[in-house]
Amino acid sequence: MRKERLAKLLFGIGALALALGISTLVLLAAKAPPLAAYANIALGALGSWDVAANVLVSWVPLVLATSGLLVTFTAGLWNIGIEGQITLGAIFATWALRALQGAALPPALAIGLAFAAGMAGGALWALLTGALRTFGGVNEIFGGLGLNFVSTALNIWLIFGPWKRPGVASMSGTVPFDKSLWLPTLAPGSRLAPASLALALAGIALVFVLLRGSYFGLRLKAVGRNPRAALLLGIPAERYLLAAFLGCGLLAGLAGAVQVTAVYHRLIPSISSGYGYLGLMVAMLASNQAPLAALVALFFAALNVGSIRLPIVLKLDSSLAGVLQGSLVLFFLLGQGARQRLLERKRGGRP
Amino acid sequence: MTGDVLIVNLAGLLASAAPLIFAVIGETISERAGVINLSMNGMILLSAMGSFSVALATGSLAAGFLAGAAIGALVALVVAAAGISLRQSQVAVGFVLALLCRDLSYFLGNPVMGQVGPRLPPAPIPLLAGLPVAGPLLFRQDLMTYLSLLLVAGAWLFLFKTRPGLVLRGIGEKPEAAYARGARVKALRYLYTVLGGAIAGLAGPIYSLSVKAGWKGSISGLDGLGWIVLSITIFGGWKPFRAAFGCYLFALLQWLGLVLQPLLPGLPSQVLQVAPFPLMILTLLLVNLGKAEWVERSLATLPGPARRRLSRVLRALNATPPAALGTPFEED
Amino acid sequence: MDVRVELRDIEKSFGPVKANAGISLDIPSGSIQGILGENGAGKSTLMKVLSGFIRPDSGRILLDGKAASIGSPADAIRAGVGMLHQDPLDFPPLRLVDDFVLGRPGGIGPERRSAAAELARLAGRFGFALDPEGYVDALTVGERQQLEILRLLWIGARVLILDEPTTGISLPQKEKLFATLRELASEGMTVLFVSHKLEDVEALCDRAAVLRQGCLAGEAEPPFSSEALVSLMFGKAVELAPKRRLEPGRSVLAAKGVCLESPRLRIQDLSLCVRSGEVIGLAGMEGSGQALFLGACAGLARPVAGSFCLEAEGLDMTGRSHLDYKRAGVAYLPAARLEQALVPGLTLGEHFTLAEGGRGLFVDRKAAAKLAEERIAAYNIKGRPESRIEELSGGNQQRALLALLTSPLSLILVEHPTRGLDIESTIYIWGKLKERCAAGSSIVFISSDLDEILQYSDRVLVFFAGRASPPLDAASLDVERLGGLIGGKGWDEIEGKAGRA
Amino acid sequence: MRTSRILAIALLGLAIASSAFGQSAPPAAGSKLTIGLVLVGPYNDRGWSQANYDGLQYVKAKVPGVDFIYIDKANSADRPGTTVSQLAESLVSQGAKMIIFSSDDMMDEANKFAQEHPEIFVVMTTGDQSWKEGKAYKNLPNMINIMGKMEYMKMVAGVAAALTTKTGKIGFLGPLINDETRRLAASAYLGARYAWTSYLKKDPAKLEFKVTWIGFWFNIPGVTSDPTQVADDFFNSGYDVVISGIDTTEAVAEAAKFTAQGKKVWAIPYDYAKAIDEGKGVSLGVPFFNWGPAYAKAAKDAMAGTWKARFEWNGPDWKNINNPDTSAVGFNKGTLSKEASAAVDRFVAELAKGLNLWAGPLNLQDGSAYLKKGEKASDQQIWYLPQLLQGMQGQSVSK
């Protein structure tokens, strides 16, 4: 067992080395200094308390999305529609805050309601994909993709249409909420809202506990690996698949609500920020292990934030971060395959 | 709108759907062989950028198109190696490549941003171009648009009317049976995945060297097309003509969106733009309904003749995917 | 056409398991060679070596005295070796003619027309009724075998391997198959007939080789002695447990006027009352409707008409879901264990936890471990609580499946309870099932093994093309009569009798 | 207890300090200044963003002591999880003392940033929050708004289009619908109508001017309309000149394609002076921004301590609208007929002499009065144009 874990670790490190190799080649192809590029990404992510806090700001929605995806992955689902679920969460949270803005509610309550609305929005969108999958036989990849497009259009329509600013419909989104409705931060200048950090930690912890030790998690695993057998074992597979979508939708919706209340303080055109797709990569790389996912998400968030320095200091395009992330996951998958083949060969084939 | 205008607009749709057709047919071939190549979105961007760079550097359109096909083939090769030889989830690898290739195209494409490159000229066919209706509709297009039409027919002929096409369908349907009959399943899957990738890879240069000539990085307006391609492949039920119909329908709905904009001022402009997606979902729903258990259950409660008629309709609509799609096959 | 097949010292291991431990066998041309052996004896491996699916670790294959290098099915086809697999390796969504053509080398064009003509000619020669433009998925298993045999002949097979070909086909089809094989052998075709059914081998083969635990246990020639063959196969004569009669109890399941439909089949007006403690066997060639009916008894298929009642008609279950049935004490064990009944990737212990269910949010790990240990001991499963289910052998998986059954159960529905199991496991499994009966559960099972049906059933339902016989007393049946019914013979008599009753 | 009190005092102190600072602009930067530029798109997009980028290249070349750094693709689609103010802070941490937010969609973030960083000079391009008479006025002493009076050049584009069209049908390829895009489309229409009636002496009813919006500044497949299709549709439907209002140059590319097929059509790109290079022979010209002079002035103010919050809406230098040192907007002539070229020159000269097309009588698209006869539009009336004008086809308000 221990040996296996060590081998896994070694392969992980190998994947990282290969990914760095590829990005280095890409950098050299672009005639850019690789070492300086990596150093700047590191500085951009860890160079000061401020940027480190920004990494955490980016980590929160990413880890929320990822923890949702861990649930659907466990159920054997490829919830690619999570982008739309985040967007719907943001839309619902915005709707709630717009509705509550005038009411004389304590801000904490209003924000709480916005979170609840966001979760409801994400869950609604996820359940739609889930219903299409369980009752309509529409594969969740394609149902989800379609609904992603619909959610983007819905979002843009709201921003430029019914929810536009007085006079100036603008790419900059809806009118920012009153400051009292911003999720409070530690200090005036800081972006990090402790409450959102707490939500993210709670989310990933909840998913960890749920998947690891609960009947729900075990049954979900059974449904994910063999729905027919799960049914014969007395598990209502359809209901569990829907529950997985629901769980993911709630967390994705929460991520969207965080984007609205804690990061942008308004609804903007690409509110999901690609966290859903990034979360899928994190979940793959973390092999569905919640604690590992939290760490990988932190690494990815650091790459995203750190790469800001690339254009500033080196006049390089920061999509390098994406190249690094993508090749890391790719080599991880390839390495995993190679490792399994090696093990098989060692065991002398399969009967 | 007069008839003439309608015809030229329809001719424009044929051209604007051409890259989609290459991508969808490429994906269809790959999926028919049992390999799902989910990397489309990034791959098209990368091949658009790469082929544009090559065409710009060499001044040769042909070199550009070749580069596009090569990039498509290369990306497909990674999917094939991971899925066939290393037995990793094709969906996972394809998805990662979709994101990776996109970022790669943005990063590497910086030097050619906004440059003016060569562009595929129209190539009216002598004599035929002068025909009424058919002339302006079909015979005043460019080379790749003609090829897109030939590709659909060619793919159909190959898949359904030739011996290798039969084997291709066989390895996607039941690889163990094809293997028992002497087909080298793994090698053929590699071949068709890479071939499908190369065909789909041509979508990139058709955009960057023709339909949307140029390269503008993240604002090129190509990000998202690959996901659309995958949707249309499903919509097309792995049949070339139905897939082509899907491409044209998509282009038509897009066009209707802007034609109807002044006529239906109350309609949000996004509605028709995203109409293809609910439509795709609806189609999937329809073709799958016959398989769903609850449908079977509720069908069972209907009176006999109605039940049989309904279930026959559902079965006719049903486009069954290749049975072994996405699953690895071991030869020993 | 004549080919002499010689196998020399074929060895093949899978990990620590020696599937073939140096097997040598000579098969003269124009003969029908039976290959006997229980499951796991190495028959399939040996045949897969000969047909190119498996490369042996060592050993040689000689065809007509010349070393043949067979590294893939393609090589085997070129060498004239064709194999008919137990589940026909054909393409259900294709038309017959396309399936017929697929794999035959040739030019770009498939030459469908000439192929169709050839198919029709060959079919006519052997008296098979196959429509070249029909679809494969509309054929019965027997017809698919016929198609496959014709195809192998067409592509030039001179050695024909048949793997358990008599499973799931009707008696007339079996007779037709045997006649065809004899005719082919008389023309010089070398036939290898793999089976575990003594009577088939005895009826058909010119010679028989018996494998046991990867080795050639012995060879025999007609006239065969059944006892000798059995002792070669199992090493000792097997004692079957004596049959015990149970007094019928109260009604457990009442099916009334049930009609079922599937795309290929319709079952009309089936009624059955299962009484507590009894065992009912469902016989019939595969795809005759028995599996559909068994599924319907578990709520897995919904009847078009008719009703299902549990507990002496007190509980109308018509149209309810499987979970409702399960809650009412009905368990269903499918034939495809790893595909349908167990969850690969989960451990044995986790399976027990799942099956047992539990209150509360979190799994009580201690209790779960204890439960697993108990069940593993009680069912004599070779495995540990933390073993993954797919790492167990087939027999142990089946034991685990039984161990997963909760108590009490009113009705256990089993598909092919012992398919693919060795004799020891078979006896063990039935012992456990009978224990359940003694505890008051009823059992309805499907089997294609007539002996198993006759041995263990109290009453038997025979299915033929969607038609179901009235329940027949197992004591009134023998292999010939049952085989006849399965093949569609003698139905007038039983239906007349039922009409009178 | 104690910590919270300290925190409270610290916060109070910070509040006082910031409000004290809040009353005046930041102190002079001195002889060295690093400017940080925040771009919404790629810096080399040959459009809006590059025009801004080149503007700062100009400043660097012309104002001694100035250097600049930039961050491009500042939008949450390209930079997941970042906010524009955060990106600006990254620039500050690299030494920037003056930040230019160069896109409309950065407004809120620019406000937030300006408030939180009173020590930084902030320029918000396209914004109106430092416009005392504007609707979005915010008292931010460190904020300057800069915009060019593109309206004039869009009018010039309209003139070029009207003189060129053979069919009397001009298409306007619009991005999304807002005040800015409406007034630019309307300006193009006003120029076209003026040339049509005054120079060509034709019936204004015979001039068709249609706006088709794609829904965004560039194409997003499956979400926006495809600008390539929009341009094709225009050309196929008899519109032979398309004026582009979006960030990318599909209109030019399509005009080139149709020209290659033997049709006579033209296009007018937007934003970037060199955009006509992309369509040799089919571009009538390009109305462009020349951000250099205004940015240079702001830089000098920041260095000299003469910074004062203000709203600049800079017009062209009528002596030479393409003067890189003085004119905020310009028009690069492309392939124009001799008559059209002359008309453009004549029109520019008339504008220089005080011709005002934003004068009554003018009605809005729904027929309601916008300007009475003899009334001249105020800057506010133009900036916040509520609808398209009567005579223009196309949606006025997004639904």
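Going in written order, the chains are labelled A, B, C and D, and every chain counts its residues from 1.
We take it that contacts are C-beta pairs under 8 Å (C-beta built on N, C-alpha and C of every residue); 3 or more make two chains touch, one makes a residue touch a chain.
Keep in mind that this is a model prediction, so the values were computed, not measured.
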{"item": "Touching subunit A and also subunit D, the following chains", "value": "B"}
{"item": "Chain at maximum distance from subunit A, centres defined as averaged CA atoms", "value": "C"}
{"item": "Pair joined by the larger number of C-beta contacts - A-B, A-C", "value": "A-B"}
{"item": "Mean-CA-position distance for subunit B and subunit A (Å)", "value": "28"}
{"item": "Distance between chain centroids, defined by C-alpha means - subunit A, subunit C (Å)", "value": "47"}
{"item": "Euclidean distance of C-alpha centroids - subunit C vs subunit D, Å", "value": "76"}
{"item": "Distance between the centres, which are taken as Cα means, of subunit D and subunit B, whole angstrom", "value": "38"}
{"item": "Junction residues of subunit B, two or more chains touched", "value": "110, 224, 227, 268, 270, 273-274, 277, 332"}
{"item": "Sequence positions of subunit D contacting 2 or more other chains", "value": "42, 73, 77-78, 215, 217, 220, 222-223, 398-399"}
{"item": "Two or more partner chains touched - positions in subunit A", "value": "149, 152-153, 156, 161, 317, 319, 349-350"}
{"item": "All touching chain pairs, where touch follows the definition stated at the start", "value": "A-B, A-C, A-D, B-C, B-D"}
{"item": "Sites on subunit C touched by subunit A in the complex", "value": "13-15, 17, 19, 322-323, 326-327, 332-334, 339-346, 350-351, 353-355, 357-358, 360-363, 365, 404"}
{"item": "In the complex with subunit B, residue positions of subunit C that touch it", "value": "51, 53-55, 72-74, 77-78, 83, 85, 89-94, 98, 101-110, 261, 263, 302-304, 319"}
{"item": "Of all residues in subunit D, those that touch subunit B in their complex", "value": "41-42, 44-47, 50, 73, 77-78, 210, 212-215, 217-230, 232-233, 236-238, 247-250, 253, 256-257, 260-261, 277-278, 393-395, 398-399"}
{"item": "Subunit D - residues contacting subunit A, complex", "value": "11, 14, 36, 40, 42-43, 69-73, 75-83, 86-87, 89-91, 93-94, 103-109, 116, 135-136, 176-180, 215-217, 220, 222-223, 384, 386, 398-399"}
{"item": "Contact set on subunit A toward subunit C in their complex", "value": "213-216, 218-219, 221-222, 225-226, 228-236, 347-351"}
